[in-house]
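What follows are several structures.
One chain, subunit A, appears in both complexes that follow, with subunit B as partner in the first and subunit C in the second.
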Partner chain A sequence: MMKRLFMKSKKKQISPKTDHEQGVDPDFDVTLEQFKKAYFYPVNTDFTVRNLHIGGINKRAAIVFINTITDIQVINEFAIDPLIKNQEQNILIEDIITIQSMETKNTINDATLDINNGNAALIIEGESKVYILNASNFEGRSVEKPDNESVVKGPKEAFNEKVFTNISLVRKRIRDKNLIVESSIISKRSKNMVYMLYLKDIANEKLLDNVRERVNALDTDAIQNLSLLEQYIEERKYSIFPSVLYTERPDRAVSFLEDGYIVLLMENSPDCLVLPATFWSFFHSAEDHYLRFPYGNFTRILRMLSFFITIFTSAIYVAVVTYHIGMIPPDLLLAIAATREKVPFPALVEIVLMEIAFELIREAGLRVPTPIGPTIGIVGALILGQAAVQANLVSPIVVIVVALGGLSSFAVGDISMNFTVRLIRFLFIFAAGLFGIYGMTAVFVMGMFYMVSLKSFGVPYLSPLTPSYQSSKDTLFRRAIPKEALRPGYLKPKDIKKR
Partner chain B sequence: MRKIPIIAKILGSLLCVTILSGCWDQKETEELAYVTVVGLDKDEENENMVKVTYVIANPEVGSLAEGGGGGGEPPLETISFSASDFITSRSLANTVISKEITYDVLRNIMVSEDFARDKDFIRWMYDITKEMEIRRDINLFVTKEDPSAFVQNNQPKMDTGPHKYYELIFNRGQDTGTIPPSEVGQFFRITEADADLFLGIYGTTEKSDNYKRDRDPDQFMAGELNYEGQTNTTQFAGSAVFKEGKMIDTLTIEETRLSYLLSTTMKQPEALLVALPDPFHEEYEVATKIYREKDIQINVNLKRDKPSIHATVPIKMSILTNHGMTNLAKYRDNREKLKKAFEETLNKEFEEFIKKTQEEYGSEPFGWSLAARKKFRTIPEFEEFDWMKTYPEMDVSIDTQIDLENFGRQTDLPKMKEVRD
Partner chain C sequence: MGEPKDKIGLKEYTAIALFLIGIKATDDVPAMLFDSLKNAGWMGPIISGLIAILPLFLLLDIAKKYQSKNSIDIFYHLLGKYVGFFVLFLLWVAGFLYIVLDTATYSDIVATMYFPRTPAFVLYAILVGVSAYGAKRGLEHIGSVSWAVFPYLQATLLFAIILTIRHGNSGFLFPIFGPGEWEVIKESTMSVSIYIDFLYLFLLFPYVKSVKDFKKGTWIAFFIALFNLAISMVSFVMIFDYNTAMSLNYPYHEAIRSITIGFLTNLETFFFPFWLIATDIKFAIYFYINIFLFGKLFKIEHFEYIIPAFATLILFLGLIPESPTFSVFHMRHFFGQILSPVFFFLPILLWVLANVKGEMRK
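Moving on to the complex of A and B:
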């Protein structure tokens, strides 16, 4: 059994020696055979072995690689070609090959790791090491616009599935030697690599250690991408509140990095994880800061409003109509009573019915194949809304209430927080149906207690609001940009002053 | 035995708590009959019974909602019957009315003048404080006739919803100062304080025969306005005066307005439109818009042998008509004269009305006892003083201070001589 495989960086490997660790045999045939065996050659069709004879030094050699993830042209042009054409006799291999980056590995295991990452291994007769030629070329998308976090004003680049593109997108924004990209392998079988980005002179060491520890403590065969990793490293796995921020915008990731947060990147993930996350980071959107001060705060007010509308409208309707009819003006009460006259269900059932219908439309709309997407919209809006009212299954006011709540929920941009709000809504509806406003108040108070008790990587969920920390006070509202001169104190950054 | 996981225990007990303690006796909105007005009257035969009148609003009227409908239904249902009180009458009404009677949207309570003048009236009124559903800010109004007749005669042509009609007409009446603000909560407060008078709204659907053509238009009460046209027969004007929880008299519109201006507790109307005699030409009257912007200042002096009250009434005034065509805007002297004359007129009216309250009622509806109460260290001392007993003997002086605001859009008027040239 291989124990936790742990790498500090690509070059410096600290892994415990095991029986499977095989040194490279100077015998060319043996080594080649070992590679072939490791990759089940020739059953494995995309594993390629190119035998060649190096001119000049007159040695046999072979280049092995997986041709689907390797740039064959690079190998051909900068490795095979110079090797074959070499005439000089006293020359090092490093001097023959003109490829831009290469290194040597002393064990077969190390070499296979590189081959798996798209590099080619060069085996030379009589040498007890293997040359690794960097020529990886994974297929993937180019940089595209963000799908889920679109903005009107501001950059429109999004992370894609290639991690090096993603790192490059970050480096493009922080041209600083203090930006560290640490990497480590976190799964045993698939050897998934996680890249931890932070600013050396800002990020808190304890926080870094905490994250490192948690990332490296994973003992699993495969973690395909960040969405899965998020669920491995978060503190409360059953909590309704997310505690790790997930964003696809490099500009957002960078602004967090500059504040002393830590960003995790992974291959195959068109996004990044930001740690630690507070409630406010889910509440904010990238555009809040791109828009001018009054406009940005206006959208913040709208979002807060939609937060409360989503959570409370349906619940308040249920509570007021079932228990507190004295609270509403007679006109409104009579209007509600009139629309409910022919509805056979109690208000609670009516609301839950429509809420579920709305959730169904949303879920179905998401999963439906694009060509029939618009049909779903028509079916949802017309059949469920109009016809249900005409059939006296629900009252028109309920359609308004549910539609308003549903619409408002989209103003909460973060997908995790969006789910949180939608689920909490049901909690409030049932509390309202059973106990009226009293029940809602009880649930709200309990929810506040719970939120205050939450922590994300040691950072209280509602900080810097409560507990209070030194910060730029970018919570419900934001301040004018020049006044946001402090990094968030709850991260305990090495340098708190931004300006 | 398998161990039950703790989370299941917690969830199970939470489920039990919600199921056992939920409010399962609640009624859906459409299962209720909304009483918007309750009428109370003496039962002729049995003095331990009360005749209850209900005005039940039909929610479906005026609603265009698809789910609603009910196009041809009447806007309201009324029912009158005798019951031992208007709380138990709710279940009695269900022998006729199909839905549960609720007082949740009850906004008005109507009592007949006959009943209000009864010494036992207060006993029935205190039932309101017992009932959970009735709010304290509902309006109390007195009808000249039997409430059952009132609700049958009251046929508003346009605001057919009963809750809407009363809300609108009372709000407007209070804005123009023709009827007093008349909340049941205030009724209880004033009755229990046992010092001031309470003013209730006075209304009727019957035309009074004591209408006289030569009377000042402000001198009438409900039923005395003579009008023609196809409209409702109901009139709300003037106030019913309650002393110690019993109605003793009625006030005209003018007296109600004077009470507003002198009151320390009533919410002031938007503006009062009043015609006052023109000091420059005796044959004309000047229409004015007056309102009290600041609080009335009351100086109570109890040190002297004969206690005295001095009240300063700050009034803002705009001139609306000027039939005498005196140029007021241009000449300061004219303005001063006008101001002085009006101040005197108002002082006189105030003093006459106060005299009436002292002599006829033995107390006042202005809430002045509250100002006097400040002079005592303890409530028992104030009760000892007995406001109702001392008020009729007091020296009351009023100082009206008019602040002229404007003289209309066109401040300058043409000279009569030039026009008639």
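Moving on to the complex of A and C:
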């Protein structure tokens, strides 16, 4: 049987543990051998076996663990030490070991799961179970400032790659027994865990079931982190609009939780997913609510403006210069005509050329190693701006138009929505090049029809604007905080009143 | 899609109704009224509106009486299987022809006023294509889009009207009754078909959240539309005087060409996209209602699949009339005069039958 087992595990070398469905053999040597086989000991260098002899009850034992993800100090102090020094003869193993938490597992398979998660397994002669000692210790960074969603006013903690730190950051803000942290394994080979957070007395059960169903229906070997999980669980994978919100701010996640949303967390993800998401959740930023009412709404207006500027300025330039020259006041028209005189390209080509250049600068700026970062600025500003104009490749006004659009696009904070806006911009530019304002309007109307038909986990994308629901009407503008007394009705929360 | 799954709310329904009727101020309906009513043209929508209150009231009453029933079934129930089918079929044919003529008019507006050098076929095809796409998305989404954009469109319309009035001369409004009181009333009566869209909207009442919302929405839309029509026609008379207004086919588009604010002298390209959005949504609704009716008549469950075929048919039919600015204008005028009595008498007939049958059941 061992031979067959070995052959099989050779065939699928990566997961020998799937063949260990049987229970733990009371024979100490057999069990230990099974563990060693499972982890390819001693080829696998960080798999550690510590043999010992328990004093008092006089039994052989072994502690097996992966030393790179386990806290060796803890095992030493609270397990190995008391076991060896034990003198009493009638005593349970649970009473010898002083480790903070431990449990028993009856199959090798279950035990390996725990070992993979950084815990240690204690095998004892003559027992048909394995003791699991909780001592996991994965390396990671500490809680730092958010990189992508920085605020001037408000908390400056961000999620990091350790999921338990992240949960603790959430628990720190909601000290309530109704905050539930549900976990489930979503991948078959890597056994990635996803943690679903919600408030039991607020979140809608149907929504919860929907999310659970979708998370558990995944049939894949590995999902490393939330950015990948997002693409597994979203409804329209080819859509230009995002339908799951991705944020690295625990305070933002908590404010969503308190409204009845569901938050997903995962190991190795310095962020969380918020479901369901509407257009407005991408449009808003954490700071909108931290700033006082007039200031918060002022930034909202600015952001909406930048939305429109990003999408429309270049397209309007193309449309106006190509089709609707009458729209421009005569003096300005003459100025534009004078600068365009020497440029050999039609306006559409000119704009597309500069837009692509701008996108290249942005992409290169992201990827460039920090020491040569300033080069990008010089290349971008001087060569593409100044020199292109002097070489009569583009007219100066095009540089202004494209720069304005590009600058405004940075005001759209959310990464996904930022891409959406940037991509839509090209759609409008081409529509404007083909049919002027008429084409732009056609694209706009079709886009609106498409946008309202989107749904994120059953929630219409533009709600509560339309279809309207009972809510605090936090859409384009927000209301004064005491007046935001309702949770969003489109989530169908169990308790809609907040205040 | 098929039948709407979710019902639409009050806001969405009102916006839909307003798009159907309010936008008529910007096509050639004002021209038709000016033709016969001279400078009293702006009274046309008010007087015909007053007349339209009766059929409208009766329709809403029927909707209230049969709130649990489907609107199509009401026709069958009241008129019998064959007559009911026949009447609905005629309504469908009328609606279809109306769409053909209307799309022809609107694409003619775009072609003559804004894109004289672009082939009319392309402009027409884009208009029909966008509207067909909207119709295919279904009633809930048409409603949502309508409500999402409506406030901005209404604001720009009012803005244009205010600017027009500012440039206008109120003396052009007098004599207030134009060709004479009797003439005004007579001609206005013939144009009550401006509001015939409510008869088609009646078909949608089971898909509005409640009959109460349907009633409320209908009245709100009716009065806002009436106001829009009247005030914009007042502004046209004030800026052009009736002689010019009579000879202009699309006075709104001429008006926004004439107005200025400060250093901006050509505002039409600013107003044009807003008007175009309204147009696309309006035809999306028309398409939807028409195909919905067709689907109901011939028991086609997933009627959205015939939308592309219909759109193509409408496109080619609408391209047939030569020089649409004149020919379609006259056809529409003639058509409107036929439909006016239909809009007036059909609800009365239905209501009387509903009451008679209701009593018989008791």
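Basically, the second predicted complex is superposed on the first by the 479 of 499 C-alpha atoms of A that agree within 3 Å, B and C clash if a C-alpha of one lies under 4 Å from a C-alpha of the other, contacts with A are read in each partner's own complex, and residues count from 1 in each chain.
Following the convention adopted for this analysis, a contact is a pair of C-beta atoms (placed from the backbone, for glycine too) under 8 Å apart; a residue touches a chain by one contact, two chains touch by 3 or more.
Small disclaimer: the values here were computed from a predicted structure and weren't measured.
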item	value
Partner chain(s) touched by A:435 [first = subunit B, second = subunit C, both, neither]	both
Which of subunit B and subunit C A:488 touches, first, second, both or neither	neither
Partner chain(s) touched by A:333 [first = subunit B, second = subunit C, both, neither]	first
Which superposed partner A:460 touches (first subunit B, second subunit C, both, neither)	second
Touching partner for A:468 - first (subunit B), second (subunit C), both, neither	second
Contacts of A:321 with subunit B and subunit C, given as first, second, both or neither	first
Partner chain(s) touched by A:406 [first = subunit B, second = subunit C, both, neither]	neither
Which superposed partner A:449 touches (first subunit B, second subunit C, both, neither)	second
Set of subunit A residues, in rising order, touched by both subunit B and subunit C	323, 326, 330, 435-436
Residue ranges of subunit C touching subunit A (in the complex, touch as defined)	6, 8-9, 11-12, 110, 114-115, 118, 122-123, 126-127, 129-130, 133-134, 137-138, 140-145, 147-149, 263-266, 268-270, 272-273, 276-277, 280-281, 284
Subunit C contact footprint on subunit A (complex, rising order)	320, 323-324, 326-330, 435-442, 444-446, 448-450, 452-453, 460, 462, 465-468
Partner subunit B, residues of subunit A touching it in the complex	321-323, 325-326, 330-331, 333-343, 346-347, 389-390, 392, 394-397, 430, 434-436
Residue ranges of subunit B in contact with subunit A within the complex	18, 21-23, 26, 28-30, 32, 34, 36, 57, 59-60, 63, 65-70, 102, 104-105, 107, 133, 135, 161, 163-164, 167
